[in-house]
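Structures for review follow.
Shared between the two complexes below is chain A, which has chain B as its partner in the first and chain C in the second.
Moving on, here comes the complex of A and B:
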């Protein structure tokens, strides 16, 4: 019973904060609203006996929203909390598509005959996750590691202002290469 | 709290995120919409895991979804930085040529 009440409170907070992301009049408030929505979902995961993943979601999203707020200040050059904004396009079409999507997903959730639970949860769920990650699912985690490393490299390549041939600074930017100057020939 | 009710909440979150991803013009706001959609996927996956098959495999799948969210955020910020540097803009309407 208590779980039900907590879940419905968290669900209401998550959805209301999600709606607030696109309703509030500044990007900073939108960021905070998104963080609240994620924290509510992270706490809801705790109700499903997923303590590790719930805590990971909460910690990751709080950090991510902090980074997002910094980005907004960087790009907009002013305090985003003081700058009202409404930059949308195709509002009616977006509303129609999202309403239709919600209808389809809700119909699926309500009318699909979901099977009953197949197995009881393991005793220590965090330990079982750790054993799966380091055992039978190690290939999945190794692939994830490679993807994350590739993401780091790709994000740095995109975000850094220097290109491939700028690695030695201004020496390679002009017509004269370092090997052509007199000192180098000697 | 049943699987159906949790999935309904996840559907609402997904629809709100989809609305934001389609309607917003600022790249960072579009990313917020995508994040909300992934938030819904995490909630739905957690519910599927708990109500249908609470085995470690489902937790690993959730970890992969969280990783996808991390990758989306990192690449989104990198593209936003590149756009801002090259075009002095963070609006999607100014970058429609990227879709060609």
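Moving on, here comes the complex of A and C:
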């Protein structure tokens, strides 16, 4: 009974905060509405007796949204990120794609004949998760983390071709006078 | 010594205890400040109470186009994060919640501080506060990974993320003895996520108070009290994870936890006056090139010992 109440409250919070992401007019509010949505999902995982995954989702998502605030200033310049702005663009296509995806996933969840549980869950879920990740799935995890990290670095390099290290040198001690941009020092 | 969960009714008492320990640390800081200023140290003891009384009577300052909900969230959040931290920290034989993932829970709560400090900086729509918020995020990128690996060391040694198991494993030998680097890094991390001492650049006076710049009255009290509470909660966790928690001769276990928490807290407060504030951009290089490898080495040593012991 209590679990049901908690689940529905968390579900409502997650969906409402998710909608808020697209309705608010400030980057900060959108970012932290998304964080609230993820925190609600993470707490819902606790109801599945998955404490490690639930708490780690909260940890990672809050950290991610804090980092998002850094990127928001880095790549949007001071003005757009700090001023009221619309959180949606390309509305028609986005709406079509997201409705289709939602329909597909929801249909899958409702119509796929889910298998019934055959074995009991492991006693220590944290340990078995660790063994799965560090044992049979080790190669996948190692590859994925390297690829993800390379993607992040590559995206940063592409998005910021002339950062301050380009303009000011490795030690950030070079000249950076207005109008001096053309012949920057290395 | 095994740790037992107590009833929910004890939660308010735990909150009062955390605030009392935080107030004691602030009083010690006030006494040291008074002595450094040439006045008798007793004149500084009531500082937290006088400051509280002053702030309670102060008018709330408001700024143009402030984001009030986000500012309020950030300001009240620090205290809430500290209270949520101590939920998993046992006081001697008693704990509020002996979560199977207590260490990760503590870590998640200290990551919440990232969001709250930035929100407190963003909310007032003021440049000094905003720069303070970003300074904290820059600093967080330096301290968080060493802090996480320092937290991993006791978990590896105990073979569990449950704080009750971590305490039980320290029967006879405290973890600080064979993981001193992790302990030191953890203490520095506590000061860093409390925006305090050498890591207080986000609220520095040269930035007109940074994240504190536009807050007054109750708003300011919440942030200041939240910082002290975070420091107290972090010290309590250090006492539990590295200094054996309730283990100790003669005194009852709960008193040992308090004594050790007070010792860590007093050490941090005393050291603060000897250390300058570090600029976040200067922190990055030593944190990633020196501290992080050192903590990883510490973790390797701990892992080898655990494997060797079988």
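A few remarks follow.
In this text, the second predicted complex is superposed on the first by the 121 of 186 C-alpha atoms of A that agree within 3 Å, B and C clash if a C-alpha of one lies under 4 Å from a C-alpha of the other, contacts with A are read in each partner's own complex, and residues count from 1 in each chain.
Here, contacts are C-beta pairs under 8 Å (C-beta built on N, C-alpha and C of every residue); 3 or more make two chains touch, one makes a residue touch a chain.
Remember, it's a predicted structure, so these values are computed and weren't measured experimentally.
Of the two partners chain B and chain C, more chain A residues are in touch with B.
Touch criterion met: A:26 reaches chain C, while chain B stays clear of it. Shared-chain residue A:73: touches chain C; no touch with chain B. When both complexes are overlaid on chain A, the residue A:41 reaches chain B alone and has no touch with chain C.
Of the two partner chains placed by the overlay, chain B and chain C both lie in contact with A:56. In the superposition on chain A, the residues of chain A touched by chain B in one structure and by chain C in the other are 52, 56, 67. Only residues 67, 69-70, 73, 99-101, 104-105, 107-108, 111-112, 114-115, 118-119, 122, 130, 133-134, 137-138, 140, 144, 161 of chain C touch chain A when the two sit together in their complex. Against chain C, in their complex, chain A makes its touches with residues 26, 28-29, 32, 35, 51-52, 55-56, 58-59, 62-63, 65-67, 69-70, 73, 82, 126. Those residues of chain B that touch chain A in the shared complex are 1, 3-20, 22-26, 28-29, 31-33, 35-36, 39, 42-43, 46-47, 49-57, 59-60, 62-64, 66-67, 69-71, 73-75, 77-82, 84-85, 90-91, 93. Here chain A touches chain B in the complex through residues 3-4, 7-8, 11, 14-15, 18-19, 21-22, 27, 30-31, 34, 37-38, 41, 44-45, 47-50, 52-53, 56-57, 60, 64, 67-68, 71-72, 75, 85, 87-91, 93-95, 97-99, 101-102, 105-106, 108-110, 114-115, 117-122, 125, 128-129, 131-133, 137, 140-141, 144, 147-148, 151-152, 154-156, 158-159, 161, going by the rule given at the top.
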